[in-house]
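Take a look at the structures below.
Next, two complexes with chain A in common: one pairs it with chain B, the other with chain C.
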Partner chain A sequence: MPGTRRRRRETPDRGLALLAALALGLYLVFLVLPLLLSLRSSFTNENPLRATNDFVGLRNYTEMVGDEQLRASLKVTLLLAFGVTIAANAIGVGFAILLNRTNLSYRVMRTVAFLPQVLSGVIVGFVWQTILTQNGVLNTALLKIGVLDEPYPWLGSPNAALFSIGVVVAWVLSGFTTVVYLAALQSIPLELHDMASLDGVRGTQRFRMVTWPMIAPGTTISVTISLITVLKLYDIIAVLTAGGPANSTQSTALYIVKLAFTSDRVGYASAVAMLLLALSALVALTVTGALRRREVSL
Partner chain B sequence: MIRKPLLAACAAGLLALTAACSGGGGAGGEGDETALTYLVFETPSLTAKFWDDSIAAAQAEVPGAKINKIVAPSTDRDAYAKQLQQSGQFPDLLQSITPSNFVGAGLLKPYDKTWIDANFLLPSANTLKGEVYIPPTNSQIVPQVYYNKELFTKAGITAAPKNWAEFLDACAKLKASGVTPIELGGADPFAASMPLVGIVSADILGKNKNWLQDRYADKVKFADANVVTAVQKYRTLVGNGYFDKGALGVKYADSITRFTGGKSAMYPMGSWFLGSVPKENADNFGSFPWPTDDGSVVVPFVGGGSMAISAKAEDSAMAENFGRAWSLNPANLKALIETDGAFPMIKGKTLDDYGVTVSQVFKDSYAYVGQDNNKVNAIGWATNDDALPPGLNDAFYASAQALFSGDDVAGEMKKLDEAWKTATQ
Partner chain C sequence: MTTVAPSGGTRERTSLAAGIGAVPPERAGARPTGRPRRFGGRFRILVAAAVTLVFVAPIYLMLVNAFKSQDDILANPITPPWPPTLENVTQALTRPDNLIPLGLRNSLIVAVVSVALLVPLGSAFSFYISRRRGRTKAAILVAFAAGLMIPPQVTLLPTIKILTWIGLDHTYPGLILSNLGGGYLSFAVFVYVGFMRSVPDEIIQAARLDGASGLRVWWQIVMPLVRPATATVVIFLTLWIWNDFLNPLFILGPLQGQTITTGLYLTIGQYSVDYGQLFGIMFLAGILPVLGYLTVQKQFVAGLTSGASK
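Up next is the complex of A and B:
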């Protein structure tokens, strides 16, 4: 009997170890290995259509210093990352407060609010393209009600196209941020609100003194994930503008793909990918650190 | 209790995945059949049915060939072929790719020149370093200027412009009549570049057919004064308001609808547009070559064609036989002529031999192919020795878009030279 008990204890452990090994194996093969291969490639002049690829040391990294297209793409990426993160989180907090009820209609609305997040970026791009092109739904409606005299180039002028992409991405992310803030709001003990009421604290004052500090952990998660999502943004831009007009909406991720598969410069594309990885890590760590410190101070 | 079945399922899944991965090679087939992978692309004209029918017909002429169709996710076949090459899945047959992108790596096998010479009107149209990797079954003019006759008449224009001055005059009259003179699908980079392709092909390549070879040899540059002066013409068209102000927001598909719907009067586009001319009022449309200063005719020509063969195909002889059978099938050309505006280039055949129904504007445009005129390789579209280096097309498209909203012609041309230097290093 004791032997049987020992066997029963060992079997689940072995099973868990196997599952963990499987997960670790997948992580190593599909994440760590490609990362290392990309790092190695970044020190070569790898070209998919060339028989030999040579080690070029730091040449790819030094070339980045004078690469105007890279600089422009980084500017676009950072502008979108910070602009969209602020907008999506503001919308998320607003929607979460509106939807923080328990009856059926609010539960349905919560599902609707989350809908943009579950759609594929490519589908989102195509849907918004029909809205934003010169003959699109938006221009047609605005012309019909007399707001515009002629169609506005929502995707046809550099600034408007960047703004349009920002709006679309903020719309997508707001589904996610709404759910995060809703969860954060529901974790606030009701007693706190009751006490605030007794103290005569209402409206914006209650939001500032009770709600905002209490949803700080949600803010950390929401802001960090929003930032990382936008820093690697590719699909929506590829469909909506393909980086145009004149590369004015080209994100760094889009630039990397073009370098690798249009210009055949896989080595240099890998170096730019390493830069984007480092930048994303730096931004994520800095922002997470700052928000964590804020959580403690609140 | 549930862990063992779960583990078993995981193991089975992994085994299945491993089996699927190891069995994913292109070659191999049932019985005596040899499987060949064939990269194609679909458009509203070249539908899945077109490819399936054309494959079945060619397959019937090549016993033992089993074709596995791969459809590119977009019309950019080159980019997808490169991705497939990166992942070790380079197809055995590749429809309408740019051979210069792949020949350097030894990935393509040339066709037998005797067969090419025997079957095509311009056997050297697709010649790359002395070899032909794509049978020149058809050709295109990129761009021609298509125009709406009714809108011309309403604006008081009695004939199609023959030179640059007449073209500007026509634009001014059309604008005065309240019509957008020139349509531009600027949201799609390739369509945005059409006027620039016309200008550079007509004004620069028209005067020096070897200009692109000279550019490769570093004897000329985009920033040279003659190129800058020519490109300045595009700024003149933009500055005078001859395009819709929001043209960079107009998709290529929408630009066709706008032009055929009478919202604009002229449309510089590749001759594939002929497949979109509405049948019910086809006679209302005409065409003329992109105008030059002195009125001389320059035809920006592209030798199109069918498929390239992978040098690594398991049975490259069978792959070539399939390519030959597909290329010479009149039924394939019929569809391409009617729906894609392709100009047929098979020796000894007239339009009637294909049993096609084409408009007068098609016949007028096709006439330029047969005439003895100044044909040049359309910049950015040629797939022969005059093909641009990898990545240059994107730079050219970006310049075209940038020059729509900015006037730094010299700066944009300098950027093209820098992009050229990087691409050819």
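Up next is the complex of A and C:
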């Protein structure tokens, strides 16, 4: 039977196979091939201003070891990735629990909570710039109510700028995490809560014993996507600080773009890109793996 | 494959609890006495409203200040626009460089053409591969899933190089072509493959025995069955491609006209003091995705959470 089915399938399937092959071809040309080209370029001194490029072996990779800007950018990237992921997921869980009701007003609030996720990073960046800039909304308000005596440089001092960017990115991601956790909360069988009530388990204890383990699959997807999003984040930082002041908010993603398009150091940029790729893979695989195992053990 | 919409399973509870008034629906069964809860009813909604307000404050600012004069914005950035002025918006629309109309048009073309091609490519590929077995299939699917995680900065430069080889660098067809092959296709395949699994084999075999070709089975039988997947793919890819910044910025370059995001980025610098103009532009650039989201909100949330519950 399977044999006849297969033979039957051969000829009339050609059109479909062609379409599938086209999709695969596009994927190979615009994702796999660029990866390979990037890898090759990372072993060269490629520079668009030079006529010829030479293989330089591992020189780009050894240069990375002593590159202060790279080290700083990695620190920025990891701080943002983990800080924002923790913040956005904590906010998401809290917000989801708060909004986990079905009346109209709660539904309206849920709709609204996701809005930041819909706007482009460029718009998000500019809106927050009007809030955080020296004579922006935040400083104006804080001066008016007397919390501050003089405007605070939310985007102008290195530490504050990184923190501000973290807040903005966490704000955007919280819309997403809230929706994911809401779905996870609603997949908890009502009986479980009822049983907990009968046993007198409530408040934080119920959260720890019932809610938190039950939303573990939601946590896995939400944490993984948060991490990946921050690791490749470009637009919000580009608009808010462009990596400044003094490179204090320059993530590795921004550094790569600067190396490639401003410094024209394509070869070295490719090597750094390989590092970011490895870092993303490492973070995604280890964290997702750990969270998956946790789902099982809970 | 299960799709869990936050409102889905709870509708029944709502109607059950409808007569019980202020008691939160999911407590209704457990608390027949309706005794006030420590954190329920009025207090809860006040907290929720307060948190939501803080949360949307930046969007509120964007909205109200688009309809205020420059002096008004500087003096009272957080008050509602009364009387509202349309000057910012009309000024943004009638700029000599046509930033908004051109940007919206270009973004629309790129997003619509990309998605219109990504849907058949992604679903046909997923259908084809989901009817196959074995290691090759698994390997190809893993390779596609990996595409979701690759930072675009890694593939950007070589992509431009490849487009240069085929003479499509700094063009819209080039940008669209690069959209078709990258992480967007990964996402489409990822979503479709999940849904294809739930299409019963018998239906497809019956159609095949009637002599329908693979293409016909895919288009006339499978596609209608996986409509929720198509909704998810269309909604999210449109939004992401519309909001994409890095690729259009470098693949199109500054000379090829702008999408709405790159246009905003490249022109807005000169308006750093003219807040009225700035907010007018941002309002026009942001209103379409927001309206789109509000229209298809249900499918949006369903799509977002279907992945989470798999």
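Convention: the second predicted complex is superposed on the first by the 276 of 298 C-alpha atoms of A that agree within 3 Å, B and C clash if a C-alpha of one lies under 4 Å from a C-alpha of the other, contacts with A are read in each partner's own complex, and residues count from 1 in each chain.
By our rule, a residue touches a chain if its C-beta (ideal position, glycine included) is under 8 Å from a C-beta of that chain, and two chains touch if they have at least 3 such contacts.
Predicted, not measured: the structure shown is a model, and the values here were computed from it.
With both structures placed on the common chain, the touch criterion links A:37 to chain C but leaves chain B unconnected. Legend: residue contacts after superposition of the two complexes on their common chain; A:217 is shown touching chain C, with no touch to chain B.
By the document's definition of touching, both partners, chain B and chain C, reach A:261. In the superposed model, A:22 makes contact with both chain B and chain C.
When the two complexes are overlaid on their common chain A, residue A:154 makes contact with chain B while staying clear of chain C.
Taking chain A as the reference chain, the count of touched residues is higher for C when chain B and chain C are set side by side.
Applying the stated contact rule after C-alpha superposition, one finds that A:244 touches chain B and leaves chain C untouched.
Of the two partner chains, chain B is the only one that A:50 touches; chain C does not reach it.
Overlap of the chain B and chain C interfaces on chain A: residues 12, 15, 19, 22, 261, 266. The touching residues of chain A, when paired with chain C in their complex, are 5, 8-9, 12-17, 19-20, 22-24, 26-35, 37-38, 41, 95, 98-99, 101-102, 105-107, 109-116, 118-124, 126-128, 130-131, 137, 140-141, 171, 174, 176, 179-180, 182-184, 186-187, 190, 193-194, 197-198, 203, 217-218, 221-222, 228, 231-232, 234-235, 238-239, 253, 256-257, 260-261, 266, 269-270, 273-274, 276-277, 280-281, 284. Chain C makes touch with chain A in their complex at residues 4-11, 13-14, 24-26, 29-31, 38, 44-45, 47-49, 51-52, 55-56, 58-59, 61-62, 65, 77-78, 120-122, 124-125, 127-129, 140, 143-144, 146-159, 161-162, 177-178, 180-183, 185-186, 189, 205, 208-209, 211-215, 217-218, 239, 242-243, 245-246, 250, 260-262, 264-265, 268, 275, 278-279, 282, 285-286, 289-290, 292-294, 297, 300-301, 304-305, 307-309. Across the complex, chain B is touched by residues 11-12, 15, 18-19, 22, 48-51, 129, 132-135, 150-158, 161, 241-242, 244-247, 258-259, 261-266 of chain A.
Those residues of chain B whose C-beta lies close enough to touch chain A in the complex are 3-4, 6-7, 10, 14, 78-79, 82-83, 85-86, 101-102, 104-107, 186-189, 192, 244-251, 254, 257-258, 390-391, 393-394, 397-399, 401-402, 404-406, 422-423.
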